[in-house]
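Each of the next two complexes has subunit A plus one other chain: subunit B in the first, subunit C in the second.
Coming up: the complex of A and B.
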């Protein structure tokens, strides 16, 4: 399957009377976006208000509580449309051509379950830990209708964010991209013929699926109800996988992460040079132990069926998913498939405790996204988009986290994307 | 919905007691998160089977007061894997710094809801439908 991504570099975002992309500037008329967003039953029923704001890199701005981050894209050639099964019809995506408004993002902010949403600082020490301090952010501050249940609110905010990103992505349909890149993987026989001798590598992508408010969607299907299955890597670039969860901010894979999966990007970089990137295997992280066994058995079975030499495994979350991570490692290693695990650590504030809730001597190649328990101080910002009401009870916060001057003492897990377990961040250790 | 005849829910979450208690055997006590882990560990030692992961959910052990775990109603074959999972869960709990946190009632309700919904996903119970059938006992 072959997909062209046309990258349109967005250099600035401005509110305007019109909606357009001109000379690298994204002009946004909030009323027009809002009108499109509200053309959805859930949004109409459950969202009392949506207000827009803009946050740019380097500004003294704090956005919280952050729910999801989404990159605007539009399918310009080939079957289907972006976010299949949710926004577009359920046609298989990942081929043809897609335009990307690179450098900007839609950020949804609203209290769903107050303790599980994150913080994005656009400047200062906190900005170093989140990739979304480097994007031009169109922020949607969303308020529910009184009495709305959390799961209805979550779904409505999810749809609102996706619809806004779809609307803005559409503005790039007829814009000539600044750069076009082609991504292609082969069928089994074709791959063996074209890339003889190269190690066959797959990406075992674990999706957060522990229950209501902890879910991920694949073509609109709640992934906790799937058995492990295959995806062409390019399908993820068209929004086949969506975040629908309210989990710890630091290691939550937002929809932006799924669209720009760094494991997929890196495997494509090496595809045809040092490896044959065969496909993605997606699997889940259910709480029922028999589900874990079935899913990890099936993921390993598919890897063997595809004659893979190695798999890269990425996790989402801590604790329960650590068990799935280790099962995926052990079952593949035991059948001779080498594994590399990507995770993050909860090693205590001093970094001295065991990092994961499960271990195995077969897990010999592990990449860490950082220690989520590390304590940081975030200085006050001139402007807050959203509310600071939840800082003291947000994951990573504690009583007194929010200081009288607006600064925050908390664990790193409070920052959106800080210890991302796909490796989408800049932390490293020496 | 999974049939209730083989399951016991060990919990300190009143929402789980009130809703799932209509269909499942509930072992409810007003105890701490850690005490729930220890209670389940001891049940596994006694031969019960562990059915759900003790660290389910993204909420860390030091960040929520509530925990519900599914085990077999009656003891059977010794569950070696379950024993290891419970031991690791208690080790994981103890490494987290016990942060001082002040919860309002609506925070507690959110924490109860998350714990409840995680257990529902294990039991194939429609969590949303269950909420409308809350037993006010």
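Coming up: the complex of A and C.
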């Protein structure tokens, strides 16, 4: 399957009377975006208000509590549309051509749903840890209707963010991209013919599926109801996988991460040179032992069926999913498929504790995104988008995290994307 | 002001002699001797070896207690800002002496210590207790070892926090420290995978630790007389979380009284846990802390009694060391209260 990505570099975002992309500037009329976002039953029923703001790299701005981050994209050629099964109708995506508004993102924020939402600082020490301090962010501050249940609220926020990103992505449909890149993987026979002798490599992509704020959607299907299955890597670039706003902010894979999956990107860099990048195997991280066993069995079975020589396994979340991670490692290693795992660590604030909840001597090759328990001080910012009301109770915070001067003492896990387990960042630990 | 350093070396590096002179007793010399001069050169006056202690390797091995006492007395008198031993390279007894003498100075006198040796030197068994620079396996490695030890030593003397082991050049000591790599994680993973496929050398970023396994306790012969307590890492707390147990990485646990509660209610209780969907636990907290079922068993005489207190924390993102500390403390309270069995619920 072959996909062309056309990157439109966004250099600035401005509020305006119109909505357009001109000369690298994204002009946003919040009322028009809001109108489109509200054309959805859940959003209408459960969201009392949506307000827009803009946060740019280097500004003294703190965004919290952050739920999801989404990159605006639009499908311009080929079957389907972005976010299939959710925003567009169900159709296999990942071929043809898609335009990307690169350098900007939609960020959903506002009143808390659970405990897992995070912080994005656009400057200062916190900015070094989140990739979203480098994007031009169109922030949506949402407010639920009084009495809205958490599951309904989460769904409404998710749809609101996706709809806004879809609307903004559409503005890039007729814009000539600054750069076009092509990504292609082959069928089994074709791959063997075209890339003879190259090791066959797959990407075992673990999706967080533990429940509210711990869910992921694939073509609109709640991934806790799937068995392990196959995806063309390019399908993820069209939004086949969406974040259900999951786990601690630091190691949740936002929708932005899925669209720009770094493992997919880095495997494509080596594809045809040192490896034959065959496909992605997606699997889930359910809470029941039977599900863990079934899903890891299936993932390993598919890897064997495809005659893979090696897989990279990426985790999402920590603790309970460490068990899935180790099962995925052990079952593949035992059938002779070499593995590299990407995880992060909870080694305690002093770094002296055991980092993972499960381990195996077969996990000989591990990449770490850093210790999420590390304590960080975030100095006050001139402006807060959203609210600081929940800083003490979201994961990574503690009673007294928020200081009277607006600074925050908290663990790194409070920062959106800080210890990402797809290997999105340079942060690590030894 | 220059930082004061005391340096420990063996008979060989003091130019007294080799194996035939390994019996010499500890001796105190003014200023730097042998490798100490290489440190001084690196420090350019910022720090200086003020005293050198020389001790024969056989003497240390055969008179460890006396040797340590003598070294400690001299170091105490010299009041240094830093104590350095070695480097010992692959000399086994020298490495053993360096590591143990440094550990004694650290624990007895509270002075920062540093040593250096080859990773397979038996002295390196103490690497989690004494900071060590990994050196080559022979004294030919001095040219690389001296600057590395001098740099790290100066950092210790200044009281600066350590960077990650691979950045500051010490042997991994079980303390995980964050730092920024040159390449992002996914790129490092792909490189590691290609090396692994080709059977080339690679270094894992997280070596697998040894797991702490706990033996199950003995079975209780007669449950109908047993006092049973409920404990949980599922974060069940009184409504409003009065003790502010964190939603992740808990710093403490709670002790709460359930006298008079036949079952937990949504009005009285909730979860503080940030790692799972709280909706169902909040609607019926017995799902996580099954007070309702235990009360029923109490009535039916299946258990003797449900203990009137329960202990609770949030397991989410909480360090094993913290969990261990909490349990060690409240297990004593349970024992004191005559509890024979605990049902620990996780989430």
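Methods note: the second predicted complex is superposed on the first by the 424 of 430 C-alpha atoms of A that agree within 3 Å, B and C clash if a C-alpha of one lies under 4 Å from a C-alpha of the other, contacts with A are read in each partner's own complex, and residues count from 1 in each chain.
Convention: contacts are C-beta pairs under 8 Å (C-beta built on N, C-alpha and C of every residue); 3 or more make two chains touch, one makes a residue touch a chain.
Computed from a predicted structure; not experimentally measured.
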Clash or fit: subunit B and subunit C on subunit A? clash
Should A:346 be classified as contacting the first partner (subunit B), the second (subunit C), both, or neither? both
If you stack the two complexes on chain A, which partner ends up touching A:408: first (subunit B), second (subunit C), both, or neither? neither
Thinking of the overlay built on chain A, is A:61 touched by subunit B (first), by subunit C (second), by both, or by neither? neither
In the overlaid three-chain picture, which partner chain does A:398 touch, first (subunit B) or second (subunit C), both, or neither? both
According to the stated criteria, A:138 is in contact with first (subunit B), second (subunit C), both, or neither; which is it? neither
Under the stated touch criterion, which partner chain does A:363 make contact with: subunit B (first), subunit C (second), both, or neither? second
Contacts for A:289 in the overlay, against subunit B (first) and subunit C (second): which applies, first, second, both or neither? first
Can you tell me whether subunit B or subunit C touches more residues on subunit A? C
Looking at the overlay, does A:300 come into contact with subunit B only (first), subunit C only (second), both, or neither? neither
Does the superposition put A:212 against subunit B (first), subunit C (second), both, or neither? both
Once the complexes are superposed, what residues of subunit A are shared between the subunit B interface and the subunit C interface? 114-116, 149-151, 210-214, 247-248, 287, 318-320, 346-349, 353-354, 373, 392-393, 395, 398-399, 413
In the complex, subunit C touches subunit A at residues 164-167, 172, 174-190, 192-194, 196-197, 202, 204-206, 208-209, 211-212, 244, 246-249, 251, 273-279, 315-322
Show which residues of subunit B lie in contact with subunit A when the two form their complex. 50-53, 55-61, 63, 70, 81-82, 85, 88-89, 91-92, 95-97, 99-103, 107, 110-111, 113-114, 117-122, 127-128, 131
Which subunit A residues qualify as touching subunit C in the complex? 114-116, 128, 149-151, 199, 201, 210-214, 247-248, 262-263, 265-267, 269-270, 274-275, 287, 309-310, 312, 318-320, 338, 340, 342-343, 345-356, 359-361, 363-374, 392-399, 411-413, 420-430
Using the touch definition from the top, list the residues of subunit A that touch subunit B in their complex. 113-116, 149-151, 208, 210-214, 224, 245, 247-248, 252, 286-292, 317-320, 322-323, 346-349, 353-354, 357-358, 373, 392-393, 395, 398-400, 413
